[in-house]
Structures are given as structure tokens and as C-alpha cells.
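Pasting in a structure now, in C-alpha cells, and then I'll have a few things to ask.
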Amino acid sequence: MGIRVENLQKSYGTEEVLTGLDLDIPDGTFFSVVAPTGAGKTTLLRIMAGIESADGGTVYYDGRDMSTVAVQDRSVGMVYQEFVNYPSLTVRENLASPLEVSDKNYSRDEINQRVEETAKMLKIDHILNNLPEEVSGGEAQRTAISRALIKEPDYLFMDEPLANLDYKLREQLRSDFERLFSEQDTTVIYATPQAGDALAMSTHIGYLHEGKLIQDAPRDEIYFRPRSLPVAEYLGEPPMNLVTGTLVEDATERYFELRDGTRITAGSATGAFPALDAGHDYQIGFRPQDMVYLNGQDAAQAHGEDTVLNMDLAFVETVGSTSTLHLDYDGRELYALNAGPVHASPGAALSFSLDPEKLYIYDAESGDLIAAGNKIPSFTQK
Amino acid sequence: MKKQYYLILFLVLLMVPIYWMLNMSFKPNSEILQQLTFYPHEFTLKNYQEILSSEFWRSGYINSISMALMNVTFVTITALPAAYAFSRWNFRGDKHLFFWFLTNRMAPPAAFMVPFFILYSNFNLIDTYWAVALAHCLFNLPLAIWILEGFMSGIPKEIDEMAFLDGHSFPSFVWNIFLPLITPGIAVTAFFTFMFSWVELLLARTLTNEAAQPITVTLTRSLGAGGWDWGVLAAAGVLAMVPGAIIVYLVRDLLATGFSMGRV
Amino acid sequence: MKQRPWLFLLPALLLVSISAFIPLMTVMNYSQLTLLPGTQPYFAGLENFVAILQDPAFQGALGRQFLFSFLVLITEIPLGLALALCMPKDGPGVGVSLVLLGIPLLIPWNVVGIIWRVFTRSDIGVLPEVFDWVGVTYNVSQFTGDAWWTVLAMDIWHWTPLVVLICYAGLQAIPEEFYMAAKIDRASPWKTFRYVTLPNLRGVLIIAVLLRLMDSFKIYAEPFVLTGGGPGSATTFLSTYTSRMAIGGFQMGRGAATSLIYFFIVILLSFVVYIIMLNLGQGAGNDS
Amino acid sequence: MAEIEVRDIRHVYDQGSPDETVAIERINLTLQDGTANALLGPSGCGKTTLLQIISGLLQPTEGHILIDGEDVTDKPPAERDIAQVFQFPVIYRSMDVYGNLAFPLRNGGVPEAEIESRVHRISELLELDDILHSSPSNLGPELNQLVALGRGIIRADTSAILFDEPMTDVEPSRKLTIRRRVKEAQQEFGITALYVTHDQHEALTFAEQVAIMKDGNLVQYDTGENLYQSPVNTFIGHFIGSPGMNLLECGLSQENGDPHAHLGPHQVPLDSALAPRLDLGWTDCHVGIRPSSVTVQVAEPHEDTGYLPATVDQVEMLGGFQIITATLDHTDVEVKARVAHDFAIDEGASVWLSFPPSDIRFFHDHEAIPA
Amino acid sequence: MLSFPPEWMQWTLPTVLFLGFIAAMLVGLTLWDIKDPGWARQGLLPIDTTRGDRVFMGLLLTGCTFCLWMLFFSQTAVWGVLLVGAVLVAGSISFL
């Protein structure tokens, strides 16, 4: 059943934040709402949790209209970007607090036991007797999460909980979350501007754009089949590359002709992309990791089927074994990922081969996905 | 640090008049009137004795303290929910209402003394603690709302939301979570309310006669009476400063927190 | 749910209606009446207002009031700010300074008057004696000039500490990074003050100016005790004038009209100052 | 443009008082002229303290700072000609963007004409042209930070520019672009730069050489590639890389003259060049292997090819690639491996892993044993 | 003493009219705001003002005019200020 949201509207002053948003979150999923800062993710979460009221529209939990149900009577938890804990209570009292006011009338022992268990699970059992201001940022946030989890809410809302944490800690918690929540029945609704975080943890992802969810789907589906340009550009680190090309069809082959005359084969051998019209402009998308960097000799013997793209290197960033190449092409900034360092200086012309089976074709006007070549590896539903 | 000498100089100048009064309070009238001495040559506690043994002066202190405490109670109880409303919710006209409250802080007591007198006469409240305690709400309530609103706005709204999400009812949230957090704010508010009530003269004088006359009024009346008992007057002035000092001492830690987190 | 804020405001609104609103309405009514003791009130229209506005004593008190508040602001605010800048940032000096600064604020206002009266009286005060040594005649109850600057000095003595405390709290709240950046950018001490300290203290200064303006406009007890408004009417300010009108004068209608005009001027002035201060230095000036 | 030398710097906060804390134990570091450097470490490792000591905002307890060989330890920041950009945007609110950018130049007495040309150069580089005359209060933290960055790089006479986590307030999707602009400016003007961050990605992309600090000590100062390939200890191995190096506790044995590491019942051959440096009696040994170096195979390999059987616990999609966490069968040793973004794998599946000997690093007592 | 309105308040017609006018204005502004929310904007003054601010400024201006009029012309044609006031308030709402 889960949470269903219908036609949600909200504005602050003259600024419309949500404009008729619809959403379905199945029970037991880890659902990420992804969007840049200021797009209304926080508002959406707050309305769903019942902290804020909407201007219009309805939120259902398990099919029940929640508009008249007070927050206290909902089985929800919330974790904020700032580490929100009760400053005057110790970590232990913080954790115990939701249980003490619960109408289930827990006994002292039960409360203690659950506090210990939860603290152990989130690795904060060593700081139970400290005040929140005495612990590190990571521990404070774990405390906030523990307090949200301890009463085993049906729905847990998390609003960029990792944003204010150190990089390494974020990596660690991201991994912990994925494990923790795949074992719990709690449905998690997670807001983040970081595509990477969402992809790492979620089972489902929704992309919020101009007040609506323009796509919400299981994680692999939205990553491998981004239905429109904004989703394609956002969900990926670095983002998907997009170039404009015109479809040309002649007696022997079909190909996209780019502005600089490069031809990208339109999969004649496999019969892909049937629904395209010759003479039209398309946005052709491909992921940076699908661009294969060709060293000098490789370029000469590139695979016959593959398309070769020539671009000017603007800038290289090498982190560990991966180099991110910033490329200037047709007035746009494109990216390519390469395993291993690239020894070339800015301004050098580089060649890349591209598998025509891994292209995404978008309508140049509407921005809608027309065809995608990349296969979806598996649709694991958790 | 050279610039700190200026501060020290100012602090010294600040203390001179106070020292003069203190100095006077330990002198007999003869010494006061006859010669200029920078410390009491004939040290005496007679002035203090006279005050502490006189019913007239003693009741002045008791009246003052009772009125100020009553006023603090009224103000704190009403200002807390109002400040909460201003700090937590946006509602139509909130800014204007807030400004209107503040205009009452601006209101000159002199402009209100006549209607106050008539109003309280009609309820037979003249010369009771009630009259003065209620009248002082005129300027203390806005001040209290203003200070408390500052403190409350410094506490993230998310704390409230967390508490409600955790299942706290509103009273439980206020009692267990919110009040402990706002204690410094309440202390600062109570301090200022008490002080302003304690030092006010005009309304207190208008609304009281013999029975409920606070110390400030006693002081001016005895001054006007022409007795010119300077030693006693100085001693009374020194004693009038004592309650303020005691309160500051009691809430000094909270005041420090208050100064750093709120507006004053 | 939507009316919840009003529920919370209800007690305060009730209290204010007793302590402010009903009295204010009463003043309004009275201001249009001729109220002579022992006779029926009769409607006088705007007569009281005209009489007050055209009363030279009122005009004099109003003029003195403006001059006094103006002098108070231009001395206490810069002085307070300068002293706050002289305060140590940490260490034992802070506590001592704060306590000493707090003392004048804790003294009942008429005791302030008494302190200064015994300090400046010609028969028992130390100040006249000191002036005598220097060879200057000084007498508060005789010379207008002496009375004026003594009242002013008393107000500075009494209230500058408040300005220092407010400014000090504001200074403490300026993030250290701003000063670090100014150092890195080679800003001179004056430029650091002009571009870092002042802009960041704006809100605090608004509060200080408003508080001092409002309170100096209401000043009553201190000059009343110190000089009794004299010599002559040299230190009669609006509050003194109003209270005389209301209690001492026999016509309560006049007193009410004075109160209304008084209140109106205070609100008007505070509003104007508030608006000006709020927008001062807000625009994008490119001064170097 | 200068070389900066940090010599024997030690710093203690509140020395002599009960809450005395040592922020920097003892650090020696030389930043070459015109290079981009980063100072990387977890929160509270002392990196901001070191930065402030270099810029002169803080006097070190002991040691010296040398700029181009000249001891500047006792000089105030203004005389060191060092620019610094702070974590949150420090903006002079009463001036517009132009005034903010021009401020350090005006304080240095630069003629107005030159100021104008430099401001325009910088605003072009950082794309601030459109907002030059707006008030910064209305621009939001991100643009404010760009202005603050511009104020840092505008001075022609800066010997160095220091960045203190400048990207904290910048929208994630914009970091890439802004970092690129800063880097380009640094290269164009040939400024010696030091960039403090806790984000290894930022450090490694910005800097040619990265200094890693931990608990007030400098652990390793090296190029990104060396930090990644040859970490000096397990801390660096774990800290650098996302996720960090797999550090697997192991036993040690020698078979046919070749060293082997034991992971439970499994044996992993080590580089034979290591053999003379190993002592079979060692305990507390770790093999380290980068997730990207682990080869993952789904189909059961032929026998004796060195593949270790494992079961997948967790699959994380990280945008550009996936990370699988697998437990080696019959052990509780967890190994992370990096696979392509379209590699099809499910949790619970059986996989076979292999560790190429040349990519294995060996640690004893958490220190690397070089081959 | 318990009569309503209390006798000592000495209600006069102008006060009733004045307060009634203020109350009507508050109600009117509230209704107007519900129907057509007015946001802060900048007019002749270089500051952001809401509708309520502008009405308040108009009233203050009217008050000033009243005082100055009575100071210089006594009660001569003082009702004329009401007209001036109406213009001032309307003008403030639209232009300030």
C-alpha cells in the first residue's frame, strides 16, 4: 500500500513550489526524491510527514486520507539535514524520549533494552551518556536517526541527512543505510540533491522538477531509462553527455550527423531505433563511462561498428584509478570517464569510441526519450 | 592594550557618583553638611539603623518587591505563549501586531497616568499592588514578548517538529523539551521585567497612597518633604539598589547565556 | 488549526487591552471634553488640542525634548560603541567590566536622580566643590546651562552602559572569519571598522538607537528629582509637562489631549527612525 | 608566487591551561612555487590550524614559516601577501560585487585604472560580469563564495592563495564547474595554492600534490597517483579512494619460495619481490587491494586459476559504477570490488574474485612494506 | 460601574467613529489580503513595504497634517483635513 500523494500543491508567497504532484511509494521501499537544492524536496517531505500543510491535494497512508491526522498520531520519523536532537537531554534520554511518550506504555526495562539495541545497531552505544553537543557530527546524526528509528515507524523521512558530514563518514553511512534499511520493513523516503547517494541506497527514485515528479521508477529503470532530458542530465556522476544530431538515412545506412560532421551510426545492424524520422534533429545522449578513450594506436584500429568522436580536452581530473575528462565539444561541456590516468594536456584532441548500442535518443523539442540502447542489467526489486 | 585604559577610565567615572552616595550613607548629617570629606571621618551605621527600624521605610521595600514580583508573574505567563506564536507561526498581520505591541513599549507612562487612575479608581484598585502590577504591564509585556521571541527564534523549529513526530503532545513538549531550553530566556525576561517595574516612579506614584507605596515613591516623598535628612536618604538609595544586585547575582550565569543567544 | 496563533496571543491581548487599549480609548474620549472638577463634562471638540499645540509651554517642552533626545543619541551611541570596542574579548576583565557597567542600570530611576542631586548640590555635592577649586561657578538650581549639561551627563552616566552592553553582545556575534578576511585583504583598522564591524552591527545599532530614543523621550524621574524641571522650565521635558497638565493642572481634558499628542509623536518618531535605520547602508553603495 | 616552507611547526591551543589541546604535533612541509596543493584529512585533524598559521592569522607555538626562504613567522598576514578563502562566504555587505573584488587592491594602493582591468579580468574568468554592480546580500551563498574566491585571486602580488573548504556552500551539481574555474585561474596566474578539504575528491582533482593529515601529524605528502597506488599505511589506504582500499587481515607463509597471504582457508600469492622484506613470524598483517583492482567473475572459473569464491552481500550503484561487497566463502572477510555500471549482479549471488599480485599492497603493523 | 460602556469612559461620538473607522479598515485590509494577497514591494520610498505598512504610513501622515493644521489655523475648517487624510492614505497605498 504505502504512501500515495495526489495533486499536491504548495506555494510560498508568489513562489510555486509544488504544482500538482502525484506520487506512489510502495511499502518497504527506499524511495529517494532527487532534485537540485531549492526544488521543493524538503517541502514535499514535510507535507508527507504532516509537519506542514499543503495548499491542495491529499496524502494517503495505506489508502487512508491523512489530512486530519495530527503528527503525533502518525507512525512516522524524520531525520533532518541539521543534526536535530534535544540539546538538554543525553543521547540515552534522546533515544528513550519517543518510547516514554508512546501510548504503548513501555516499561523501564523495555525502554532500556530497546535503547541499547538501537544504539548498538547504529554504533552509538559508547556515547549514550553524553549530551548531543559533546559528540561529533556523525554521532549526532546517528543519534537523530536512532531516535527516529527506535519506535519502529512505518515511514521514515530523511531530508539530506548526510549533507553536513565529512566525506569519508558519508561514504560509510551510505553503505550502512543501504544495509540497515534493506533488513527493516520501514519505508524510507529520502531527499537528496546528490544523485550518487540516491543511486547507492535507493530501491526507487523520483526526480522532482518544476513542482512535479517527472519520473519515479525503480532505481535501475530510472538510471538506465531516464524518460526526459532533465532526469538524464541529473542522474549520473558525471552527468550524461548530450549532443545534437540530425538523422540521415541513405540507401546503405542510417546515422546521426553531428554539427561538426561526425557520424554516429544509428544501429542499422541491430535494427534499433525504428521510430526515428530522417531529417529531424535529436538529442543524443551517452554516459561518460560508455565513452572509451582511444590512445593513438587504438584510434587507428577502432572497432568497425563503433563511432569515433574527436573532442578537445579542456581539463583532466584524476582520482585514484579514474580520470574524469572535461571535454569541449560543440560549445558544450562533455565528460568522459577513463580507468587509469590520461597523460594529455589541455587543448589536446582526443578520440573516443562509442558503442551505438549504448545511445539514448531524445526528441530535440519535447525532450522525451524516444529510444535507449543501453540494456538494463537486472531489475532487482527489493 | 592601550584602548582598555579608556574603558577603565569610564568605569571609574561610572563609579564616582555611586561612591559618593555610599560615602554619604555612612556619615552623620553634621559631617555631610559641614565639610567635604572623601571618606566618612565619623563612620556611622545610624542611617541604616533608622531605615531598617522604621515601618515607613520597611513597608516601602516590601511593597516594591511584591509589586515587581506580581508584575513579573503576569508578564511571564502571558508573554510566553504570545512569543511562541510570533516565533513559530506566520499569520495574517503578525508583523503589524508585533509592531503594535512594541508601540506600547514606546508609550510614555505620563500619557497613561490619567486613564489608569480613573480605570483603577473605578475598580477600587487604587493603592493596591494590583494597580501598579497591572499598569507596569504596559511597558513590560511588550519588552518580554520581544526578548522571549528572540530567544525562541534561536531554537530551531525542527526541535518542535521532532518532538511532535516522536509523539509528544503539546503540553508534554512544552514541559519536557521546550521550557528547559528556554530557561535562560525566561530568566533574562524576568530580570528585565523586575528591574523596570522596580525602578518605575511615575505610575507607581500616581496609583498608590500610603498603604501600597513602593520604595521609589517613599524616597521621592521623603525628599520632597523637606526634611533634608541626607544621610538617611543616601542609605535608602543604597538599599534600593540591593535587590537588583541580588537578582543579578542569582541569575548571572543565565544572563550571560542570555546575552549571547538572545536580544536584550 | 488556523486560529491557533490567536489562541496563544489571547492572554497577552487581554492584558494589553487592560493596560493599554482601554486607557488609550479613555484618553481619546477625554481629549475632546472639558472636564472641570465638580461639573458635568461637556463636549469641547478639538479645543483642547488647539490649546495645547498653541501653548508656548508645550512648544518649549517639545523643543527641549527633541534637543535632549538628539544630544543623548549623538553622544551615547558613539560613546557606547567606542567603549564596546575597548572591551576585552575574553579573560577575567570581561566579567568585571560587565558587572560594573550593569550597576547604573539596576538603580531605581529616582535614586539615579538622588545620587546626582547629592553629587551636584551646591551645599553638599562634590561637583560644585571641584568646580570651585578650578574657579568656575556651578549651580544646578540657578543656571540653565549647568542644569542642562548636568541632566545630560546624568543620562549619559545612566544609559551609556546599556549601549555598551548591547554593542558588546553584537560585536561578540560577528564571526571571526570576517576579521580574518579583512586582515588578509590588508584592510586598515579604520576600513575594518567601516566595512566589517559597522555593517555587521547594523541590527544591534538599530535596537540601541530605538531604545535610547524611546526611553529618552519618556524621561521623567531623573530630572524631576535632580532639578524639578527647573531652573524655571529649563529642564521641563514632555513627561514633566504632561504629568503637570494631568495631575497638577485642573483640566483633565487638556492632560488627555497632551497625552495623545505625546504618544503620537513618540510613535511617529520611532517609526521614522526605524525605517531610516533599517535601510541605512542597505543599498549597494560603491564607496571606496 | 613563491615557495612556502613549513618548518617544525607545532601548535598547542590554550597552552598551560587545563583544556590545553595539541592541534599540530610537528609538521614539515614545502610547497613548490606555482603548484596546486591540497591538505586533506578528517574533521579535527588540525588542517585549518595549519592553514591559519601559514597565512599568519595564528602564531604557531613553535616553528617557522618561510616564504621564498624568508622567515615570516612574526609578520602579520598583510605583509605576507597571502590570500585566503574561507569556508563560508565572507563578503563585505556594504559594498557591491565590484567593490568587494577591488577591496584588497585598493587597500594595497593599486591605481584605479589597473583595479578596473583586473576586476574585469577576474569577473570574466568567474563569470561574474552580470552581477558586478549588485549588492552581494541578494545573491545567495554560492555566488557570494565565487565573489570571495575572486577576491582571493585578484591580487597580482599574492605569493600564495589558501582555500579553507571553499565548496561547502556550493550546490553539488555546480562544484565541478566552479572547481574547474578556480583551477584554471590558479594555472593561469601560476599561483602557489593550498586547498584544505575533507573531501578527497576535491583534493585529488584540484591538487598536484596532496598532504594528508591525521591527529595533528602529516601522514603522507605525495601526488594523487602515489597516494592511491602506494599508501604509506593503512590509514591512507582506507582514506584515499572511494570506497577505500580493502584491508584484509591475513596470515603469512612461504610456499616454493614465494610469499603467500592467508585469508582463512584461502591463499593469496604475493609479489615475489616482497619476499626478502617479510618476516614469517609477523602478526597484525594486512593485505590491501583497491576495489578497482579486484577482478570479479560470475561464472565458476577453471580450477587453480587463483580465483577465490565469495558471496555477494551488497550491491551499491554509485552513478558511474557499482560497488559490490562480497564475503569470501568460509570466512568473514569482506571484500569490496568495483564493477561497471551495467554489470548485472544480485545480492546473494556467488562470485569469484581474484587479486592481481602486482596490485596487492602489504602492511605490517599498519605500515606499508614496499616491494 | 458595571454599566456598559462604563460611564467613566465618557464615550464621545468622534472617538466611536474613529475607532469604528480603524476597525473597518483592519477588517477591510484582511479581506483584501485574503482575496488578493499583496506582497512586499518597492514604491516611491526605497524600501520594501506591504499594504499594511503603507496604510499605517498614510495614517501617520494624516495625523501630522492634523497637528500642523491645528497649530497654524486653529479649528478653522479642520474637517478639511479629513479630505486631505483620505487622499494621503489612498496615495500612500498606491505609491509609497
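What to note about this one:
Letters A, B, C, D and E mark the chains as written, and numbering starts fresh at 1 in each.
Going forward, a residue touches a chain if its C-beta (ideal position, glycine included) is under 8 Å from a C-beta of that chain, and two chains touch if they have at least 3 such contacts.
Because the structure is a prediction, the values reported are computed rather than measured.
The chains touching subunit B as well as subunit D are A, C.
Looking at contacts between chains, the pair that accounts for the most C-beta pairs is B-C.
The chain with its C-alpha centre at the largest distance from the centre of subunit D is E.
Subunit A and subunit C have Cα centroids separated by 58 Å.
With centres set at the average Cα position, the gap from subunit B to subunit E is 35 Å.
Note: centroid distance subunit D to subunit E, computed from Cα atoms, is 64 Å. Distance between subunit A and subunit E, defined via averaged C-alpha coordinates, is recorded as 55 Å. Across the assembly, subunit E contributes 8, 56 as residues in contact with two or more other chains. Among all residues of subunit A, none touch two or more other chains. Of all residues in subunit C, those touching subunit D in their complex are 175, 177-178, 180-181, 183-188, 191, 195-196, 198-200, 281-288.
On the subunit E side of its complex with subunit C, the touching residues are 8-12, 14-15, 18-19, 45-47, 56-57, 60, 63-64, 67, 70-71, 74-75, 78. In the complex of the two chains, the subunit B residues touching subunit A come out as 156, 158-159, 161-169, 172, 176-177, 180-181. Partner subunit E is touched in their complex by these residues of subunit B: 92-93, 95-96, 118-119, 121-123. Residues 36-37, 136-137, 166-169, 171, 174-175, 178-179, 182, 193-196, 199-201, 219-220, 223-224, 234-239, 287-289, 314-315, 317-322, 324, 326, 333, 337, 339, 341, 374-378, 380 of subunit A are the ones that touch subunit D when the two sit in their complex.
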